[in-house]
Structures are given as structure tokens and as C-alpha cells.
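Right, I'll just put the structure down here and ask away after.
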Amino acid sequence: MARPVIEAPPTTPAGTWLEGEELARRAAARTRRKRLALLVAGWAAMLGIWQVAAYYLPFGTLPNPLEVSVEMWEIVASGALVSDFLASVLKTFAGFGVAVLIGAPVGYLMGRYGYWRAFFLDGVTVAGTIPALTYAVLSLIIFGLSNLGPVLAVALVSTPYVALNVAEGIRGVDQNLVKMSQAFGRSPQQIRREVFIPTIVPYLFAAVRMSFAVAWKVEALTEVFGGTNGVGFQIRTRYQLFDITGVIAWMALFIVFMLLIERLLLRKLEQRVLAWRPEERAAR
Amino acid sequence: MTDTLTRRRSTEEIARSRPAWQRRLTSDRAARLTFYVVAFLFWIALAGLFERIPGPPSVVDSLVEEFRRGEVFGNFADTFYRFGIGVALSVGVGILVGVVIGLSPMARAFLESPVLVGLSIPAIMWAFLTVMWFGFGHTSPIVTTFLTAVPFVILNVAQGVQGVSRDLRDMSSSYGVPLGRRVRELVLPAVAGYVVAGLRFAVIMGWNGVLLAEWFGGSGGAGYRARFWYDANQFAGFAAWVVLFVGVIIILDQLLLERLSRRMFRWRDATH
Amino acid sequence: MAVLTVNDLCKTFGAGTARSNRVLDHISFDVRGQTFVSVVGPSGCGKSTLLNIISGVETHTSGDVSVTSDEGRPARLGYVFQDPRLLPWRTVRKNMLYVQDKDDDQARRRVSTYLDMVGLGQHGDFFPGQLSGGMQQRVGIARAFAVEPDLLIMDEPFSHLDAITARGLRAQLQDIWAQSRKTVVFVTHDVVEAVELSDRIIVLQPGGRIFEDIPIDLPRPRRQSDPAVATLQAEVLARLEKMKAITPQAATAV
């Protein structure tokens, strides 16, 4: 007998199917638990290595994690944290503001006009590869011991990132939208406001997030070299007193704080501004 | 009522309306040349405005002077020795760990936090600590270079391997290609680009690290020599060293790694 | 009323390079005011390019293209692109207001009217990413209508829509045109549609020359069921078959 061309699908009892789903869910939960355990193990291993190293290194050159956390707690409790953190964060953001004010227009020009791209490209590339140390010391030479030094260093380090990212963003602008605007007789200002700027905003955020990771380190570095307040200044003071516990405690607090700013503040802001993107909306 | 005419201009017409000298003046080469002239004038203006910024003549003088004293090659030899070992170590370890992370999600869960912490520890921290631990000598700058560079290599390599491993799983099961050929034809070409990208990061980060460690250490090298002039308040001498170590990193990055990276990423650009 | 003049128009992409590609080859035609012209031709023969040049978003290589308006101001253009081309970061309503010269009550009213017309009155505050492809295309159509253009350019506006929606919008287009009598240049693959809507059909052949310029002299409003319409449709199709026979590249035509 000829077999029918279209066979009935093999019937599966509903129970088996549900069981399968249950199994898959359980497997996923197991994987999640295993991951979490490994994550904790990662932290434990790190602290363990630190502890062992502290034990074997000459006395006083590496405090163990417990000593550092006690010191961190003391710094937090003493309230010194607030003023110095505030100083450092303000300087970082000020430098950042300058970087965006200069870098964004430069990137805009580079993205839109071949002439300006050729003009700025070498300079921006070179500025992006210069070691941070150079910027820190240079800023000190220019401004001496003042709050402007760290601001300038942050600005110098971040501007190339911002410019390159914005340029990249502009080059990624959907030319069809530009053509559409021209066909409907929109003015260059309108096209800039409605097409170009919304396109570069995500790139600008990427640039800000990327360079923020570098910027606050340079800010601290400049303060170490010649700050009058701020986290870097505290680190230098402790270092000069050979108080390694203090140095590490301040640094650890700063790292935690900056990661928090990056993760919470910048991400939230980004989500708010980019609400039109379908994937961002879904995530909310 | 009057008629209003909207005429569309053709390319031929536009080309005719722009004279040759104008086109030459707005060419890419002219733009780059203009930039260098403007940047140079800007430096001179800055030097004129701020007393503490040395102008081009005094920097060139100090540069010549340093070469004449024979300080340049000796110090750079030291720096390169430390930097080379540090970067080589970080690339070796970075590729190894990066491949492991890229292949196994469990290794990723375990190693993710240490790498993230490593990424966020500033080079100055390592410079301080290693000087305390190992004293003045080669070890401190080498370890600083290694520790600042290695997280970036890991991150890049892991990213590359992760991208490939998915395709690899699919393909290996469907075609039964022998492992050796699979690695040669699929994994290496795809990962090589990311390795070079990681190497670039390692070079840029490591260069900063080695200079910082030398700055705070006391055993010679480019960073040490730059600090010597800085402490002596001789900013022209400092600037001469800045010119040197910025020049070196640009030669390394642009002439070597940029080209290498473009070669390695050829497959990716060709698809556009 | 707007008048369109195209004289000896040539367009070569990548002129002077190895990949130089002549798309339009010495094209001349006029569109008098208050005329509905369709352009048909096989895929890739340069229809969209022609519209882009007329609207000024693409520069032609040589020849003359001009739009004359007797309203005492430059001719206002409406363009329905082959794809929706909406700003993804603006809501539907803001997208339509973007191309209005003034953001006043009148403009808002026009936007609402035409959104209702394409059946999207409820979707004014949606982002384009939240609409289906066909809905986005309808926003594109409403946007072009809402500027009340002197010269309306449409590039296969209905080809992405289902048959029923397309038929409704085609009837709307006929009505609007009957009332306002704007000058329209309309690109389509669909000869039936072309005969139903236009006063004239310009047939482009591969290589970008005008193969034929067919006047359609039928009373309006036209209905598919009208035998005169059906006869003419058959005739135009027959002529296109002839073009296929002459120009072998057109084997995949309309």
C-alpha cells in the first residue's frame, strides 16, 4: 500500500511534553546555581591568593584582606570619604564635560566632512595612544598644584575617545533618512537636530562609558602626582607614610564607588535617553 | 502669479563650478598638512602663554643634549627589556586564559570577577605595590606591565573565541571536518584578529605601566629619566622624553600593530 | 500647480571608476500640471533613481531637471519612498510633523486627518519600531499626503501591503487626486494599477531609456469592472511583452 505523502505527526502524550519542560527548567536552575557557586568561588580564590601573598611577603608590604576591610570601614566611619570622594568625582565629571564639549563637535566634523576627517584623524589617533602618565604630569606642569590639573588630564584622556566614537556614529547615520529629509525640504539645522544628533547619542554613551573607566584612573593618578584633595591625594599621603593598608583601602573604596557610578548612574541615564529603542523598552 | 523654478544641478555642473586650486586646497593631503602646521603653531602659542611650557627650540635642544650624553639608548634598552618581558608574559597568559574563558561558560563564571577587578585596578596601584614588594630593579616594572596589560588581553581573546566556538560547534557536528583543519581554517583566522586587538591594548596599557613603575622605582629607564628632569624642574628635558616615549608608542602601534590588525581583520572588512 | 521638465537626463553611478554603471540614458519628458504619470519598467531599470533625481536627493550626471511652480514659492514636494524611512526615535505623529513647514494647529489637523485615512488614527504615539512593516509604509504615505504637496512622488507605495488595504488606499488616492489635481509621478510594477490611476504611462527599459510613452484616455473615476479599463490593461501588457522580446535583459520584466 502506498504511504500517504503527508503523515500524521508522531503523537506525543501531553504528560511527556510537560515533563520535558519541567526537566529543562530544572537543568537551567542547576546551571544557574552552579554558575553562582563558581562566581563565589572566583571571589574566594582571589581573596585566598591575597591572603597567602600577604602571609609570605615581607611584613608591612601587603596587609591581608581583613586589615584592609577594617581600614575601609574606618575611612567610611570617619566621614573623610565624602569630601574626598566628592572632590574626585566632581573633577572627573568636569573633565568629562570638557571632553564632550570639545570631542563631540570634533567628532561631528570628522564624521560629516572628508576634509575635517583628514585634518583631525592623525591628531586624535596620536592623542589616544599617549600614555596617561604623560597627561597627568603635563597637566601638573601647566596648572601646578591645583584642582584644574586633574580636570585637564581627564579631558585630555577622554576627548579622543569621544571624538572617535562620535565620528563613527555619524558615519553610521542612515543616509536614507538624510535623503528623506532633503526630499521634504528640511533645512540643514533640522536634519542635524532630528537625524544626526539622535543617531550619535548611543555612540556618545558608549564613548562616555568606555572612557569613564580610563578617566577616573587618570584623575586619581594626577591627584597622586599633585593633588590638593581627593582620593589620589589621600593615596599619596598614605604612601608617603608607608601606610600600605591605607593606600589599598582608599583604592578599593574608589574602585567600588566608580564601578557603582558606571553601572548604576550611566546605565540608567542611557536607558532613559534611549527609550525609543525597542530592546531597551522591553528591558524596562 | 510668477513661476518659481527649482532646478536640480548635475554633477558635471557642480564640477565645472569648482576651480582646480580650490579642489587641491581641500584635498586630504592638504588637510593633514594644515593640521600639522596648526598643531605646531598651537604649541608655540602655548609655550608663549605659559612660562612653564617649553617651546620647540628648547625641547629640540634637550633632545640633542640627551642623545649626546648617551642617556637615550641605555635607558630605552632597560625600558624595552622590562616592557618586552611584561607584554610577552601578558600575551601568553592572556591568550591561555582567554581561550579557556571563551570555550567554557563555567570557567567564565569562575574567572569573570578576577578579570573585572583586574581591569579596574589602576596601574599606579601596581607600581606602588610592586616597588614595595620587589624593591628597585627589573622585577617591579615587569610585573606592573604584566598586571596592567593581562586583563585586556584576556577580555579580547575571550570575546574572539566565544564568537567562534558557537559556529565551531555547529559546523563540526554537521561536516565532520578533522580537528587540525578546523583549528587552522576556522579558529585561528577568526581569533587572530582579536589577539592582535588584545596585543594593541597590552602594548598601550603596558607602556603606561612600565613608565609609571620606572617613575616610582629608582633603577633607570625612560620613565625614571623623565622624572629626573621633572624633579629638577627642567621641563624641556621632561618634554624631550615625552617626545621620545610618545614617538616610540606611535611607531609601535601605528606602523606595526595597526597594519597587523588590518591584515588579521581582512576577512571581516571584506564582508562589508 | 507644478510642472516637471526632464531633458536629456543621464545618470552614471561611479562615473570614472572601474565599476561605472550607466543607469539612465538620455531621458527626456515633461509632465504638465495636474497630470498623473506612472513609470513602469523591470526591476533595476532605474525608476527609483529617476525619482531620487527629480526630488533632488541624488545628483544626475548631465542634463536638465527642473520643477516649476506657479504658487509664488518653490514647489512643495511629497515623496513616498520604496521603504518607509521613518525616524526611529520619533513617534509616528512627530515623524509626520517633522516634514511640515510649520508646527501649528492646521498642520496637526492635517496629520490627524491623513493618519485616519491610512487607518492608523490610533497609532499616533507609537514608535515606528512598534509597527509592522506595512503599517510603517502607510505612515510614509500619510506623511507625503499631509504636506499637501504640489508635486507628489510615489515609489511603489502599495507593493508591500495586502490586497485589500492596497485597494482601499488606491481608491483614496484617486479621490484625493480628483479633488486636488496635484501633479503626480508614480512608480509601479503593476500595470493594472498604472492603467487604473494614470493619465500617462512611461515605460522604462533596462539600460534606462524610455521605451514607450502611452497616454491613457479614460473617463474617471475608473473601476476595475469597466470593460474599457480591462481592454486597455490588456493592450498595455501586450506592448510590454513586445519590449521583452526586443530587449532580452527585460526577460524578468513587470
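Read from first to last, the chains carry the letters A, B and C; within each, the first residue is number 1.
Assume a contact is a pair of C-beta atoms (placed from the backbone, for glycine too) under 8 Å apart; a residue touches a chain by one contact, two chains touch by 3 or more.
Bear in mind that the values here come from a model prediction, so they are computed numbers and not experimental data.
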A-B or B-C, whichever has more C-beta pairs in contact:
A-B
Chain at the geometric heart of the assembly (C-alpha centres):
A
Using Cα averages as centroids, what's the distance between chain A and chain C in whole Å?
48
Could you work out how far the Cα centre of chain A sits from that of chain B, in whole Å?
18
Using mean CA coordinates as chain centres, what's the gap between chain B and chain C in Å?
52
Overlap residues in chain C, where contacts from two or more other chains coincide:
56, 74
Chain B partner contacts - residues on chain C that touch it in the complex:
15, 53-54, 56, 59-75
As the complex stands, chain B meets chain A at residues 26, 28-29, 31-32, 34-36, 39, 50, 52-53, 105-106, 109-114, 117, 119-125, 128-129, 132-133, 204, 207-208, 211-212, 215, 223, 226, 230, 235, 238, 242, 245-246, 249-250, 253-254
Can you name the residues of chain A that touch chain C in the complex?
176-177, 179-186, 190, 194-195, 198, 276-278
Using the touch definition from the top, list the residues of chain A that touch chain B in their complex.
34-36, 38-39, 41-43, 45-46, 57-58, 61-62, 114-123, 125-126, 129-134, 137-138, 141-142, 144, 213, 217, 220-221, 224, 235, 239, 244, 247-248, 251, 255, 258-259
Note: in the complex, chain C contacts chain A through residues 52, 55-58, 74, 76-79, 81, 83, 85, 87-90, 98-99, 101, 127, 129-130, 147, 153
